[in-house]
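In the two complexes below, subunit A is the common chain; its partner is subunit B in one and subunit C in the other.
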Partner chain A sequence: MLNKFKMKNKEKIDLRKMFMQPEYGTVLMLIFSVVLGSLLSPYFLDFGFLLDSSSMYVEYGIVALCLTFIIISGQIDLSVASMMTLSACTTALLFEIGVPFGFCLILGLILGMLLGFFNGFVITYFKLPPLIVTIGTLSLYRGIAQIILGDRSIGHFPSWFSGIDFRYVLGIPVPLLILTGLFIIAALILNKTIFGRQVYAIGTNEKAAIYSGINVKKIKMILFVFSGIISAFGGIMMMSRLGIARYNLSTGGELEVVTIALLGGTDINGGRGNVVGTFIAFFVLFSLKVGLSVANIKIESQLTIIGFLLIFSIVFSNFIYSKQK
Partner chain B sequence: MLNKKMKIVISILLVFICMFGLFANATEEATAAAAKTVGDLEIVFIPKNSGNPYFDSIVGGFEKASQELGFTFTTIAPATAEATSQIPFIKTQIQRGVDVIAIAPNSPDALNQVFKQAMDAGIKVLIVNSDIPGSEDYRDVAILPMDFEITGSSQVELLGSLINYSGEIAVLSATTDAPDQNYWIEGMKVALKDPKYANMTLVDVVYGDDDPQKSLTEAEALLTKYPNLRGIISPTTVGVAATAQAVENAGRAPQLQVTGLGTPNQMRRFVKNGTVTAFALWSPFDEGYLAANLAVDLVMGNVEAKEGVVFSVPELGDITIGPMRSIITGPPTVFTIDNIDDFNF
Partner chain C sequence: MKYTHLGREIYAFGSNKKAARLRGINMDKLIILTYGIAGALAGFAGIMYASRFGYVNPGMSGVGFEFTVIAATIIGGVTVTGGSGSVFGVVMGCILLGIVNTALAVLGISAFWQQAMYGIIIILALIIDKLLQNRMSFIKKGNQNA
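Presenting the complex of A and B:
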């Protein structure tokens, strides 16, 4: 009896705590952007159209899930968009020289893994700040993509591969399903595994994490390698959607990815955040962009609103975190 | 605890999705088609990027036609001229149900899938200002500013006449994959093989990405790297203004001639102070005006998009649809100190 009462009481407290999560800032923004979109244009609230439009941003959403882990661990990876492009270009180039397409895809993912490994190796082995290293590889990887492909695009992929955004399962576009699936996996890893706890521990206090016996180097390495693989995967999805690969695809995409992660309430200083926020933030960013575009709002105003939301998100999650203390 | 929290968040999302579903039917009745009049037509023009004065002139042409003919005209552009940045804008215009999408594309092929989607939705796709070579099936017609076959060679001839056909020359272009600029540069290289230009050597091609600051930096680098440079051709409006600025800053004006494709308003100062002697351009205003008139004719079924078809545009006269359904607006104009004040765009 007493036990039962205690349980109830505990749940109540949890409920109150629950509403003090930064994800709610993101949910507020989602409500804001959907309301804004539907007020601005009668063409916005069309389920089919919204589903269809989500495919344009899914690649960034997927990469942002992985980046959330990296930011929680107190690191950053700005080379994600370049890894997307380089993997896509290499995959396309292999296809062009006659490698069977299935192998090309696998090799593309392996390349992504190696690119991520290189990032992780330089960061952990030489103890360099990830910001500097990945700004370097941001240019490096895109530069390599431009060297190998030059100023041309490769297309005419097998028909089973092209147009992933036109494939639907149960009425939902495949890219969105992939994003949702990866989100569930990421949420489970981050919240339910020792690995996930270790990621938080590193981001909260790296020294303390080392002293408590966490293999920090290994975990950082795993994170960057995964960032590479997921970026390559995103790059290949983009290639399927556009039907071509060229060196300047997703230029500036790293900022979109970071924006999604931060809109989701992840703390840029590490230790706090969740993929739940990132997943919702994906819908915030995409519904906002679609809503403003379909209302023919000028791009300058669009960027202003997105910038404002980003600031709001950071201030809001900071406020929540300070209350939690 | 976390699990609970996630559950609540996910249920909120689901509620949202259901709300979308409820509203989904609301917009569908709008598609019921009746006989259209010109007044019902909605035409959108998507330039390469926002804040580019060149495209403002094209928009001017569209607006004039819109006032004369009575269709609804809007224009919207992405922030950057990156290869895929126009895709979301095209998708949203399809959703808006416009009748015509006129666009100055940022890539020769990255937009093919979304163009196809637009055409499948019954929208006329008009490429304005630059074609998409090799992807002609993904558009209805292309409206080109001038005969691109002679753009490169006419630039070489113009620069040659300014430097007595001798000396080192360089090119400052837009982005490395700008399809038009690359085509014209090829044309310049072919033209330079002519014995007439035997004493002119092309020493470098650099890219300013149609960004004023980057173009200025690239132009300054050219001036430092090649002290004997006699001429720079910049076949892009942003680039030629930045190059003229760099040459003015360095005080290399009479020996080093800048020419290229620029708008009179951007170049007026440099022509007046002697930095630039002559440059060329077609009329982007006419291009927009022609595109708008043709767009209306195409949607109303007055003109068929087929090679050899002749249609007429007020003030521009009879115009023939050329090979691959491409249309040339007119010959280029050379601007010098004598005539620059006659133009305002």
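Presenting the complex of A and C:
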């Protein structure tokens, strides 16, 4: 019967296909998490409170936007959280030594670029699997942060720098605006430029991409370098929000970043996914976390829920993609 | 690993999935079995840990063990793409890591270096392994041509 239906009108089928996008699953999750949050606590649905608490997770959202590109191209970068920490720590250390602060920020971003470049270089030049390489650099970068700072924290940044989450434009906190702006840029790059199409092509079939004349190495390198820069940016934002830099900032942050990217319906095998999903998934994760925190649920239990979400999102998007075929 | 049916099947699966399936190896069963063994061994290691320290804490025990374990396996010559490696090598890798750890303490280098050392070791081992593989395949090709 389904076949007849398919033969008769193609338009309806297209509509069905449209609704079989994993992004809709993410939207459903968002509704679910908001409902859950408001059921758990009466204080959850306060709009101002939600806006304020969004800044606490924006760093991860920004990095997840970049990670979406990497996962679509069939790679993965687990060292993002460590790159955030290392660039934040280096920036703080330079500030402590006495370098002018604006200069420190630029050097921090450049360091992020170098870290990303190292990742990309090892992966593309030696043709090693990115999973293991970035696990190695995850340990390495955080280790270096630990070496340079030891077990102390650096604070007392200039007053114009710290407290980015208390700046508002038109009543919206600045971090959220940054995230939205970066999301729009990322969506345009991914959907409207040649570069974006090439990223999809590499993820779908790397050999075919090579034979059709795409410089795969160069594009992978660009992706990893950008991942480094964006991570450094996220790390600096986190430093501004917390007012300090320590070696164990954002420990386990890679888990959250990967969860956001995968929850948005990006296929872990590459070739499929969208930044829109990641953007929505950021709100899913953030409203879940805020909801659980407001309901006095411990961080350890929240970790369990994130792990569960991660597995669920992989299974769900896999299911949808198999249906699409 | 080397002398049982299961061990050979795992090697076969790692080096060429398609060939292994065509040879009639039940892939799903094999995957579930290997992960099951990994889980059981991890549980055993957890119990050993508890017996050694006399206390257990979900937030502290075994945090960051992934790096140590992965580093030990890679140093032991197990290729990350699958299909080769040996348990003996992994044991040697563990011993090497143990020596590095003790050496750091004996030489008076602060414990902060430990994590970075693991990272460096993982990446260096990966690169060396890859270079060796390239050289090996080069030699093989040369022999075939001659």
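Remarks
The rule is simple: the second predicted complex is superposed on the first by the 294 of 325 C-alpha atoms of A that agree within 3 Å, B and C clash if a C-alpha of one lies under 4 Å from a C-alpha of the other, contacts with A are read in each partner's own complex, and residues count from 1 in each chain.
In the analysis below, a residue touches a chain if its C-beta (ideal position, glycine included) is under 8 Å from a C-beta of that chain, and two chains touch if they have at least 3 such contacts.
Remember, predicted model here, so these are calculated numbers, not experimental data.
In the superposition on chain A, A:Ile147 contacts subunit C only, with no contact to subunit B. Once chain A of one complex is fitted onto chain A of the other, the partner contacts of A:Leu128 are limited to subunit C, with no touch recorded for subunit B. Once chain A of one complex is fitted onto chain A of the other, the partner contacts of A:Glu300 extend to both subunit B and subunit C. Ranked by how many residues of subunit A each touches, subunit B and subunit C are led by B. Contacts of A:Gly136 after superposition on the shared chain: subunit C is touched, whereas subunit B is not. By the touch criterion stated above, A:Thr91 is placed in contact with neither subunit B nor subunit C. In the superposition on chain A, the residues of subunit A touched by subunit B in one structure and by subunit C in the other are 146, 151, 300. For subunit B in complex with subunit A, the residues that touch the partner chain are 1-6, 8-9, 12-13, 16-17, 20-21, 23-24, 26-28, 30, 50, 74, 76-80, 82-84, 87-89, 91-92, 95-97, 107-110, 112-113, 175-177, 182.
Looking at the complex, you find that subunit C touches subunit A at residues 58-59, 64, 66-67, 70-71, 74, 80-81, 110, 112-120, 122-123, 126-127, 130-131.
Contact residues of subunit A toward subunit C in the complex are 122, 126-129, 131-133, 135-144, 146-147, 150-151, 247, 300.
Chain contact summary for the complex, subunit A toward subunit B: residues 14, 17-18, 21, 23, 27, 30, 34, 38, 41-43, 45-50, 52-53, 56, 146, 151-153, 155, 163, 187, 191, 241-244, 246, 248-252, 274, 276, 280, 283, 289-290, 293-294, 296, 298-300, 303.
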